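Two complexes follow with subunit A in common, the first pairing it with subunit B and the second with subunit C.
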Partner chain A sequence: MDDLSLQHIRKSKQHTLLILLISLATFLFAIYSMGTGSSSNLGFWTTVKIILGLDEGTELQSAIIWKLRFPRVLMAIVGGAALATAGALMQGALGNPLVSPLTMGVASGAALGAALAIVVGWSFVDNDLAIVLNAFLFSLLVVFIIIQLGKMRSISAESYILVGIAITFISGAIVSTLQYFATDAQLSALAHWSFGSLSRPTLENAVYVSMSLVILMPTALKWSWDLNALSMGGDEFAISTGVDPVSTRKNILILSALMTSIVIAFTGLIGFVGLAAPHMSRLFVGTDFRKLIPCSAVLGSMLMLFADTVGRTLFAPIVIPVGIMLSVIGGPFFLYLLLKKQGAKL
Partner chain B sequence: MTELLSVEDLNFSWGSNEVLKGISFSIKSNEVVAILGVNGAGKSTLIKCINRILKMNSGTVKIQSLDLTSLNLIELSKRMSYVPQTVRTSFSIDVFDVVLLGRRPHINWRVSANDQKIVSETLRFLSLEDFAFRRFDQLSGGERQRVIVAKAIAQGANLLLMDEPTSDLDLKNQISTMKNIVQLISESDDKSALIAIHDINIAARFADRIILLHDGKIVSDGLPSEVLTSENIGMVFGVTSQIISRTDEQPMRIVVGDEIEEK
Partner chain C sequence: MKQTLLKLKDLDVGYSEPLIKDINLTVQSGEVIAITGPSGIGKTTLLRTISGLVRPLKGTVELQVEKRGGLGYIPQKLGLIRHASVEHNIALGSISSSEKMQMFSRIRSAAVLGFILSLFLSFFQYPFGGPLFFLCGPGILITSVLSQRLLHQQKQTIVWNAMKAVRLSDKQHEPVRRLSGGQQRRVATARTLAQSPSLIVADEFLSELDDTNVTIVIEAMLNIIKSGSSLIMVEHNLARAKQLANRIWTVENGTITEEVIEDE
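Let's look at the complex of A and B:
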């Protein structure tokens, strides 16, 4: 094999190793996170023993790990992975680095659904799942609009973004109107939902999201080559390499909107991880989507897990929602990485 | 030589503006065909219609006797590759990976050793090996253009469609890139190139055949010496010219004079 090919393979292996290292770090941090919290800190090895069944611990310790923290940690991992992957897919499909899972209006649709359930009491079910179901169905409504737009052959990447902004404004106006007529209790519930939190999802919810991710992730990876062509050189370049930009863009947006809907229906609005994780991943592995998608996923998990762990331990027993912590911790770190990387240019 | 591409009665319009009117021609294997014409004559539009980037209003295009509309994009891109005038990048990747995208129609997920070998060989063929692991967006306009030519060559298609592939290149690279293209076509059994070009001297030197487009129609199609006459150049480009015929020592040259006053 010639030296250029060998160099290419070596670079690819380095990126794979880096992704595996971030995955390992996320896994170890997940164990640490399961042993850490406002009620009791068990230490890393004690947590490992309890998880492996080598040490039963007290009944209370075991219950805290498995019933309280495990669902939360699992949701942080799969939710972070899904939102980060959705962000990477959307940025690639629309050729725009400013796009995040919230840009397409999916989150605004979910917020409208949640507001209707909380303020008006309008929902298909009359139990605890009312808000989750409403948020999911209204975000699916946005996915449906994306599908309809995708049927227009002339729809461009910019048009998708503009429609997303329009949906965000329309949903925002309706939510504001509902807030205007809401009671204090309803306002509080709505505000709490919009913060984005990992305290709401149950183990069952986290398993649903995990299963969805297992099904959707391979599809996302399958489109890596198409995304490379689309984001590298635009529509004409994509066509010349055998990629149909219109149908590819539509399918990728539907997939990423679905990923976003499934997570935020349970957690509320969490946006930053979908913007920051793909950008941070680009700094580590470059823009090749075959590496960028898995790297974004594991980095998204790591970010979400870290932000949630800090959020529930920093001012314990007060728990700061992960949506807020992500922006507080992730924002400056994201800026630091960007400035460090582009320092020469700025 | 077998027929590689045939275009019959191709028409295309932007709204009411007819850009291409009844275009018909064919290309055989081992031909380098240049399309010449003024800005807006329809050179790029013709290439984009052949590559299905634009949908023609009417007409038939066949590649290797297969109707263009019967092929999916993967099958099409195995048969024809395309070099656009400019490439707008949103997220840049390494030059090696850009050229590897040319292998996209041949691979699903895993890149084979053969794909890597083809990319390496193509980079060397165009003297781009020093750029292999530099990011595409950090290259100059001319370097980028050569990388996109490399991507089109690595695609291994039978027909290379090129839209002004040397417009951003300096004089030396214009000559070397055109030489590379001519060498590629002449050394293969089943390849040809259709190149939209604005430099008539480059076309005269490197093309086996020239198609002269004017006002959306083909006004002349043949050997450079047949097409590039002072009369044709005056009619199409609106300038006077002196034709210096090809000799053993030097290629055919066109010395452009003044604008022709419209009567």
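Let's look at the complex of A and C:
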């Protein structure tokens, strides 16, 4: 075997190891995070013992860990992974580093759905799931419109991006109009929804989101070859390797919209992780999507978990929503990585 | 039984202005079509329109091939990854899957649908949600792992056969940039063969090749055509075009004329 192949295999092994290390770090941090909070701070080992059932702990301790913090931590892990994966998929499929679930209409659709449920009271179901279901269905609807209009304009990746931006503005305008007519209470509810917080999802919600991700994640990985072909040499190269760029792009947009909307329907708008985690992963493992997708997922989990833990411990008992914390902590860290690797191509 | 693979209906191709107008042509399975005509007249644009890279200005391109890997496109500039090995280049992209794989994928899709249904059922507290959930969840995992394994084995066999067909088995691990121009063209041919496409669209893929390489590439192509695939190629050498093709499309003054070559 020649040097280049050997070098490639060695690097690939290093990258796998790195991904495993980040996963392990996320796992350990999750345990720490379950023991830490505004009340009832437990040591790492005490938390491990309570989780494993070796130490019962007080009733309050076990209730805090299982009923309050576990759903939160689980949601941070699966939500971070889903948003980051969706970001990586979109950036690859559209060949544009600025694309993220927030810029491609998913978030604006979710916001429109939530605004309709909160302000007008117009929703598909009439229970506590009204906002969640509205946000979910509207984000999918908006993505469907973007895909249809994008196809009408031309078959290139740019047309999806441009149409996505236009539709984002239109639904943003409808949300603003609704806000203009909303009462103070409705406005406050809508603002709270748009902060993006992990305190909303219940254990049941978190389990459903995790299960959906278990199904969707392998599909994302299955398309990593196609994404490699699309991002390596554009449409002509993709076709010459047997990948149909038009349908691949459409399928990937649908998949990433599904992943994003499942999460943000429960948590509210969380944007940064979908943009930054794939870029950070690219600095670590390069552009091969077979490694980039899993790396983005674990890094997304880690980022989200870290931001949420800091958000609820820094000014305890005040809890700062994870959407805000992510940008506050992630932004400078992202800038640092970018500037450190100056000249590196994203 | 011959099958129509491609139907061009009232087609105008070009970018802003049409280069070729009113194309009404069909391609059946097992046919070889050679396109001839002077440079810059729109032959490549026609091939790019057939492949879906350029939108038709007017009319339609009806392709009756599978979405994944049904169309094999060999661009003029080949589009190989120069630093990667021959094997890697051939393995890149989609490789069509066997019936067994399709069966696995159908079972998995059914399991996924069941799983989503069970999610909804349990969410709104209907019965049967739970049992369906536990039936479909492991089902998805098992079919995924099994089909992944099968796909890997199949992929290796396909790549090996394609390399043998263009006589590059001894260069398996060689980076493409170290190969001669003719050998690189053989890699591109093998990459297309590995997809076992129903329709191959090749842009000037025999030009600039010496006799040995031409023989190897043509032999490999004729083998796949015997099994029912079709080939559309741009060919400047009229004698060779007449020898290989069933029909010749001549592009002249913005129109195409078709000439059927009788079998000798």
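Details
To be clear about the criterion, the second predicted complex is superposed on the first by the 330 of 346 C-alpha atoms of A that agree within 3 Å, B and C clash if a C-alpha of one lies under 4 Å from a C-alpha of the other, contacts with A are read in each partner's own complex, and residues count from 1 in each chain.
Criterion: contacts are C-beta pairs under 8 Å (C-beta built on N, C-alpha and C of every residue); 3 or more make two chains touch, one makes a residue touch a chain.
Given the structure is predicted, the values throughout are model-derived calculations rather than measurements.
Once the complexes are laid over each other on subunit A, subunit B and subunit C cannot both fit and instead clash. Contacts of A:231 after superposition: subunit B is touched, whereas subunit C is not reached. Judged by the touch definition given at the top, the superposed model places A:286 against subunit B, while subunit C stays out of reach. Judged by the touch definition given at the top, the superposed model places A:95 against subunit B, while subunit C stays out of reach. Touch criterion met: A:246 reaches subunit C, while subunit B stays clear of it.
Using the contact criterion defined above for the overlaid structures, shared-chain residue A:212 touches subunit C, although it does not reach subunit B. By the touch criterion stated above, A:9 is placed in contact with subunit B alone, subunit C being left untouched.
1-2, 4-5, 225, 228-229, 232-233, 235-237, 239-244 are the residues of subunit A that lie in the contact sets of both subunit B and subunit C, per the superposition on chain A. Interface residues of subunit A, counted against subunit B in their complex, comprise 1-2, 4-5, 7-9, 11, 91-92, 95-97, 221-222, 224-225, 228-229, 231-237, 239-244, 282, 286-288, 290.
Within the complex formed with subunit A, the subunit B residues making contact are 48, 51-53, 73-74, 76-78, 81-82, 84, 87-94, 96-98, 100-102, 104-105, 107-109, 113, 116-117, 119-120, 123-124, 129, 132-133, 136, 148, 151-152, 155.
Considering their complex, residues 1-2, 4-5, 154-155, 208, 211-212, 214-215, 218, 225-226, 228-229, 232-233, 235-247 of subunit A touch subunit C.
Residues of subunit C that touch subunit A in their complex: 48, 51-53, 55, 67-69, 71-75, 78-79, 81, 83, 85, 92-96, 112, 115-116, 119, 123, 133, 137, 140, 144, 173-175, 188, 191-192, 195, 197.
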